[in-house]
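Next come two complexes built around subunit A: one with subunit B, the other with subunit C.
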Partner chain A sequence: MSAQAPPRTELLLQLADDELVLGWRDSEWTGIAPFLEEDVAFSSIAQTEIGHARAFYELAAAELDTTADELAFDRRPEEYRCAPLVELNLVHDWAKSVARRWLYETADAIRVDSLKASDWPELAGLAAKIEREEAYHALHAGMWHDRLTRSTARERFATAVDELWPYALGLVEGDQRRILCEAAGREDVPAVERGAHVEDWPALWEEMTMVRRTVPGGSW
Partner chain B sequence: MSLASALTAERVWEALADVPDPEIPVISVVDLGVVRDVQVDGERVRVEFTPTFLGCPALDVMRTQMADAVRALGAEPEVVVVTDDGWSTDRISAVGREKLRKAGYGPPTPRPTGPIQLVQLQTGAFRCPYCNSIDTRLDNLFGPTACRSIRYCRNCRQPFEQFKTI
Partner chain C sequence: MAVWEVFRQEREGAPFQHGGSLEAPDLAFAEAYAKEFYGRRAESLALWVVPRDSVLEIDEPYVAPVFDRDYRRVDGYSIKVKLKEARERAGTPAH
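Up next, the complex of A and B:
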């Protein structure tokens, strides 16, 4: 696969990589979330995000004459297009994990809404379906945002949002950044852009691709 | 006349009506409304189906079981997954909803016109499948699978799984 895919495939890979990697990160809370309901919630959200990744990869795979599994697991770490926000290892920091979920859902809602107007019918239809599923993720993120904002942890949560905000801007481009600033009620700042990867990424890639690298072409 | 030449779309639909949902076997894939189209062309049968939730791990099992059901009719199956916006919980049949309720699941409420709001889930008319009371509360937006939430019935003091509306 060439380093630079056609524009519409490039967009699909960005979306798919974001959802796959965030799904993986969210699943890291399985078993160790602050209470049982959140073990279940983070696991369920992770599963749905990875389902969305799969659907995006399948559309891209048809364009690139490959398979969803090959796109998800057989690329080199530098070939992934995910935004640095989703790569960060935030386990053990609940405030940051909630901040990421809230920022991600706020940005994701903006781009999924725009995809519904795509002139590619398969992508527009998929986006409409994804939007209805994501509504539950957004409710969950909003609930936790409000809860932490009103709690004794509010300063810690505010610091977490401040710290992750430049990363959140890197999820979207162009006019969608302005919409994101309005939705989040925050100022535009220099974004942490896609392309470079954070130092947490190689270890996650190692773990994510371990089975496929051990059994090349393996399917499950 | 061979068996396959007598095959009609109606017979395929009947066969698919016996394919259970892998996770909630009380309901069939036809009750669930995920079978979108059946086309019979000689000995080839094309079945189009839509996943409920995209992350549903039962997807591949459903596809295999539907293909097996077509093969059992002596035809060659082609099961195609359509990931458009064509399925919602409103497509679950009335019969399917009643089967869910009897099995202890709250069937999905009708889709609202706008996006789902938290207040609807916190106060809406969600009936307990055990005692029929509407004095129920939302305990967790997320349940054991992507398609269900956890509610609690204050009347009969029973937690139950409520199908999400999408």
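Up next, the complex of A and C:
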């Protein structure tokens, strides 16, 4: 795939890669979340994010004359456009995983809202559909945020949010960053930008793409 | 963590029926999990989420009859026979 995708495709790949990789990371909690109900809810959210990724990939694939699967699994690790926030391996740290969910949903709501006004009708329509599911994600992230903020784990949670905040800013650009600062009630700081990947990324890429690399072009 | 009972209504006008129970630390969590378990596939029109502690459970719901008061019960009367007789008197055919 060409490294110079047209700007609107570039945006789609950022969105798709963010949703795929976060969905993958969150699904690492399946079976080991703090309690059964949360295990089901968290896994379900992870699955929905991957569904959104698929929809974005399909839109991009039509532009780039390829398929969603090829975009999702056949690129080199350095070709992915996801923000470093979603690449971080946070499993076994529930405070950080919840902090990431809350920060991601706060930023994603701003991003999806602006996509609804896109002059690309397919993208605007997709954003409106996605927003309906994201409302549940926001409810879930909000309740955890409120509870942990009031709990005996509040300091641990606050530290997790502090640590991830520069990464969260890297999800959006320009004016959306200012809106994110307002929504999260936090100061603007130097962001961890897209482009570079974190050290947790190669192992995740290996795992995600293993089956496709073992049987190239296979279908089952 | 508290136990919450979830009742679901499948369509407008239908009675709410018990769907199951879930564990959640507070009402906000109970709402989110109830939506996830009983609303995600549009299988419910509406839900009632009730803390189990608020449900009054009655193990022996009958008032034991001490004296013979069968006359209070309607199941001893054969309405069918009486109805047949009445119809014959009135000359209307039975259906």
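Note that in this section the second predicted complex is superposed on the first by the 219 of 220 C-alpha atoms of A that agree within 3 Å, B and C clash if a C-alpha of one lies under 4 Å from a C-alpha of the other, contacts with A are read in each partner's own complex, and residues count from 1 in each chain.
By our rule, contacts are C-beta pairs under 8 Å (C-beta built on N, C-alpha and C of every residue); 3 or more make two chains touch, one makes a residue touch a chain.
Please read all numbers here as calculations on a predicted model, not as lab measurements.
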Q) With subunit A superposed, do subunit B and subunit C clash or fit? A) clash
(Q) Applying the document's definition of touch, where does A:147 land relative to subunit B and subunit C: first, second, both, or neither? (A) second
Q | Which superposed partner A:106 touches (first subunit B, second subunit C, both, neither) | A | neither
Q: For A:58, select first, second, both or neither according to whether it touches subunit B, subunit C, the two together, or no partner.
A: first
Q. A:9 contacts which: subunit B (first), subunit C (second), both, neither?
A. neither
Q.
Contacts for A:130 in the overlay, against subunit B (first) and subunit C (second): which applies, first, second, both or neither?
A. first
**Q.** When both partners are placed on the shared chain, which of subunit B and subunit C touches more of subunit A
**A.** B
Q) What is the contact status of A:139 with respect to subunit B (first) and subunit C (second): first, second, both, or neither? A) both
Q. Looking at the overlay, what does A:37 touch: subunit B (first), subunit C (second), both, or neither?
A. both
Q) Now that the structures are stacked on chain A, which of 39-47, 57-65 or 75-83 shows subunit C clashing with subunit B? A) 39-47
**Q.** Footprint overlap on subunit A, comparing subunit B with subunit C
**A.** 37, 40-41, 44, 136, 139-140, 143
Q | Touch list for subunit A against partner subunit B, complex | A | 37, 40-41, 43-45, 47-52, 54-55, 58, 121-122, 125-126, 128-130, 132-133, 135-136, 139-140, 142-143
Q: Could you please specify the touching residues of subunit A with respect to subunit C in the complex?
A: 35-38, 40-41, 44, 136, 139-140, 143, 146-147
(Q) Which stretch or stretches of subunit C touch subunit A in the complex? (A) 1, 22-26, 28-29, 31-33, 35-37, 40
Q. Which bits of subunit B are touching subunit A when the two form their complex?
A. 51, 53-57, 83-88, 115-118, 121, 139-146, 150, 164, 166
